[in-house]
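Order of writing sets the chain letters: A, B and C. Residues in each chain are counted from 1.
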Amino acid sequence: MAFDIFLLEVIISGLMTGVMYALVALGFVLIFKASGIFNFAQGVMALFAALALYDFLAEDGWFFAVFGFTLPVWLAIPATGLIMVVLAWVIERTVLRFMVKQNEIILFMATIGLAFVLEGLGDILFGSDVKPLDIGIPQGASDWLLDSFNLYIEQLEIFAAGTAAVLVVILAIFFQRTRIGRALRAVADDHQAALSVGVSLDKIWVIVWSVSGMVALVAGIMWGSKSGVQFSLSLIALKALPVLILGGFTSVPGAIVGGLIIGVGEKLAEVYIGPMVGGAIENWFAYMLALVFLLFRPQGLFGERIIERV
Amino acid sequence: MFYRESGQLKSSYISDQAMFPIAQDRWFVIGVLALAFLVVPFVINEYWANAILLPFLVYALAALGLNILTGYCGQVSLGTGAFMAVGAYASFKLVGFFPEANFLIVLALSGVVTAAVGMIFGLPSLRIKGFYLAVATLAAQFFLVWMFNKVGWFYDYNLTGMITVRPIDFFGIQITGPEATPAAKYLFTLTVVAVLALSAKNIVRGRVGREWMAIRDMDIAAELIGIRPLQAKLSAFAVSSFYIGVAGALYFAVYLGSVEPVEAFDINQSFYVLFIIIIGGLGSVLGAFLGSAFIVLIPILLKNIMVGGMGFGSGMAGHVEILLMGMLIIFFLIVEPHGLARLWQIAKEKLRLWPFPH
Amino acid sequence: MTNEQTSEILLEVDAISLSFGGVHALVDVSFDIRKGEVRSIIGPNGAGKSSMLNVINGFYHPQQGTITYQGQARKQMRPHDAAAGGIARTFQNIALFKGMSTLDNIMTGRNTHMSKSLFWQALHIGPARREEIEHREFVEHVIDFLEIQSIRKTPVGRLPYGLQKRVELGRALAAEPTLLLLDEPMAGMNLEEKEDMSRFILETNDEFGTTIALIEHDMGVVMDISDRVVVLDYGRKIAEGTPEEVRTNQDVIDAYLGVSHD
């Protein structure tokens, strides 16, 4: 009996971590679906968003230094959202609009550069020490679950899972049903063709990167509340890559499923195989899993098949 | 006016295919090599060797390797750091097994070991492309670094997990360890890098180089005209890993002297070398050197200006460095995706007309 | 100019059917190509002509049918076997290696004939160098033949469309092919360029005896240079024969004028 509970806790813990990965992966999928760009800077955007949010809330931030007061949570979050929109606009003007016809590898490398810019900027503006983030999400284990089922699960993680679920539904509807969603998918397919039918590329890109920025903000809030706002947040970006491989780069539900599989897989591997080889398997397990997937199913579980024509 | 090729007629394919067909280029390269081999060793000091010249050479070599894979053959790799580690650890173990062996042989064997590992991790490239392949190379990066950290055999069960090079001499002259002079280290590294660079230039303008570029430009068409993707890609991984492995061995044995895997060979190293080839110029042997010079010098310049001149802390200088790198990457990718090497070419073309305007 | 005598069959496709999901690109197509002839494949857009070439080349694998080349029958062709067997081709949308010069592009066509190992190449002396020179000479003949000497060092990405097509032909010719597959080699060319291209194709056929399979939309060109013609429509063969026979065939006329089918 004790074994079952333990296994269950490991799995659930993995699922929760998986949800967190999925939140970051969602941002990737958005940008990729709508602009064909693989945004390596997604994780750093989450970090940047969290840093900005912290700045609005805390008394040792720039906002307080300039204006003399801090914002309450219900104002700080929209304010950070606004910052992300401005960021998206700046990125579009300074980087994206010059890269319209480039091939995808160049675009990818540009986003690596972008990641470094945001990271450096974040460090310079906000400092690189760890900052606690508290926006009122209940902390600690869920008492109800503990009492009823003897399961130890953090309320924060339940909250994150719920938020992610809501986000997925909203985004899925957005892409499938709305006019803008269709336009976005057209843009992802072929920049120049979309331009030639009158789609305003720069507006679309600002929209997409803003939405993606919002998703990054949510991810940043969740991760930041859990373990404080720090640089390691941006490393999560790298973990999102295997998530995307598994789920398919163009699939919103795929990001979730991929995240869950990676989260659970990692945890199980660490707990059961880890002790045999000295631990820290989590460093590479996700990538090996992704590698295996790439060999047998390159488009991921839900992605679109890539067909080559001559 | 001085850079004109007029009068330089080629009467055979051999001279047309020479490495530096324009006479002025030939003289320039000979001049640089003469300076490097004959002048620098006499004026070099500890600081110049350790802070500038050795890292420049070692990173240029690693960049050459990565450029072969990514710039010429189009296979994106984020595993450079890990492959440098393979070279370093291979050299460490080899010297441990054969302490009397000639270090050149050790280097060559380290390169071969890395080439083998590179080919194994390169196998997925047959089915995966683009940034999917980049993710696959990340698997190599994280796994290998973890392995070198965890498996005691690699670092002779040293408690600190670090590996330290033992003093090695090359025909009587110390090239590693505390007794080695900067000049000795520099000359040895310079020779290795120069020979490998010339070989690289030969390979990329021959049949194999063309195959690599064909795969990069349009792999389907390449396959349809009879190029075997398997052999082309694996050979790219092999040669590239060989170079990166030798660079890693030099990085460990000659440049640093002792390393610890997580710090020295982690993903940041992979990015570093990638940045070198982007800024230096993808698909260019010269680019590896230009990029390496650029990237090695920036932190030094920054430190001197910011810490020495403006009084910032070195932590801040580090942040600015990251910011600047990112901006430079974006700048180069937008303005000149072919990097400094292309700018060099354009400068040469302008030089042909100088002092006339057109 | 045209080859009248019956010669042996170089390539035969038998009952080839090819579909992608629900789309039937080719349905039960059979024809042959005789050694030394110029065989045109024509038909309205979407008829499956390029797909047919892709099947011969080994890029697409048909679900049914056999391909017999030089007497050897196969269910499907592999690209490397095709190339090694002397089949070369050009592509509808130009598949040149944009990052390389004209000379280098054409040299890649020699690839199947070059084999010296990596080691010798690194040294660039001895066997590798001799091989490089030898093939360079051959490629220069091709360059002379196609009159593109002045652009040999230019990166092909910078060349105008018509010249790119010529370079692509050069790359195919460099392989010394037994069977040359040309996919709309004259698309997008003006009259003068077309005349040049036709001349090159005919000379290749005449002087080197290369068998040519040609997809082309310009009926004038087809009628002028072909020995025999195959007509495809909606993936099926609807006629074949000499240009004269095909031109007067009612089914062919219907297909081109868009008369509806049952």
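Keep this in mind: contacts are C-beta pairs under 8 Å (C-beta built on N, C-alpha and C of every residue); 3 or more make two chains touch, one makes a residue touch a chain.
Quick caveat, the model's predicted, so the values are computed rather than measured.
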Which chain has its C-alpha centre closest to the mean of all protein C-alpha atoms shown? B
Find the chain most remote from subunit B, comparing centres computed as mean CA coordinates. C
Calculate how many whole Å lie between the centre of subunit B and the centre of subunit C, each centre taken as the average of the chain's C-alpha atoms. 41
Compute the distance, rounded to whole Å, between the mean C-alpha positions of subunit A and subunit C. 49
Between subunit B and subunit A, distance of the C-alpha-averaged centres to the nearest whole Å: 33
Residue ranges of subunit A touching at least 2 other chains are 310
Residues of subunit C touching 2+ other chains? 59, 91, 95
Could you check subunit B for residues that touch two or more other chains and list them? 220-221, 224
Where on subunit C is subunit B touching in the complex? 57-59, 79-80, 82-84, 88-89, 91, 95-100, 104, 107-109, 111-112, 114, 116, 118, 121-124, 128-129, 131-133, 136-137, 140, 171-172, 175
Write out the stretch or stretches of subunit B touching subunit A in their complex. 74, 76, 124, 127-128, 130-132, 134-136, 138-139, 142-143, 145-146, 149-150, 220-221, 224, 267, 271, 274, 278, 315-316, 319-330, 333-334, 337
List the residues on subunit B that touch subunit C in their complex, please. 13-14, 17, 199-200, 202-203, 206-208, 210-211, 213-214, 216-218, 220-228, 235, 239, 283
Enumerate the contact residues on subunit A facing subunit B in the complex. 38, 94-95, 98-99, 102, 104-106, 108-110, 112-121, 123-124, 128, 238, 241-242, 245, 277-281, 283-284, 287-288, 290-291, 294-295, 298, 308, 310
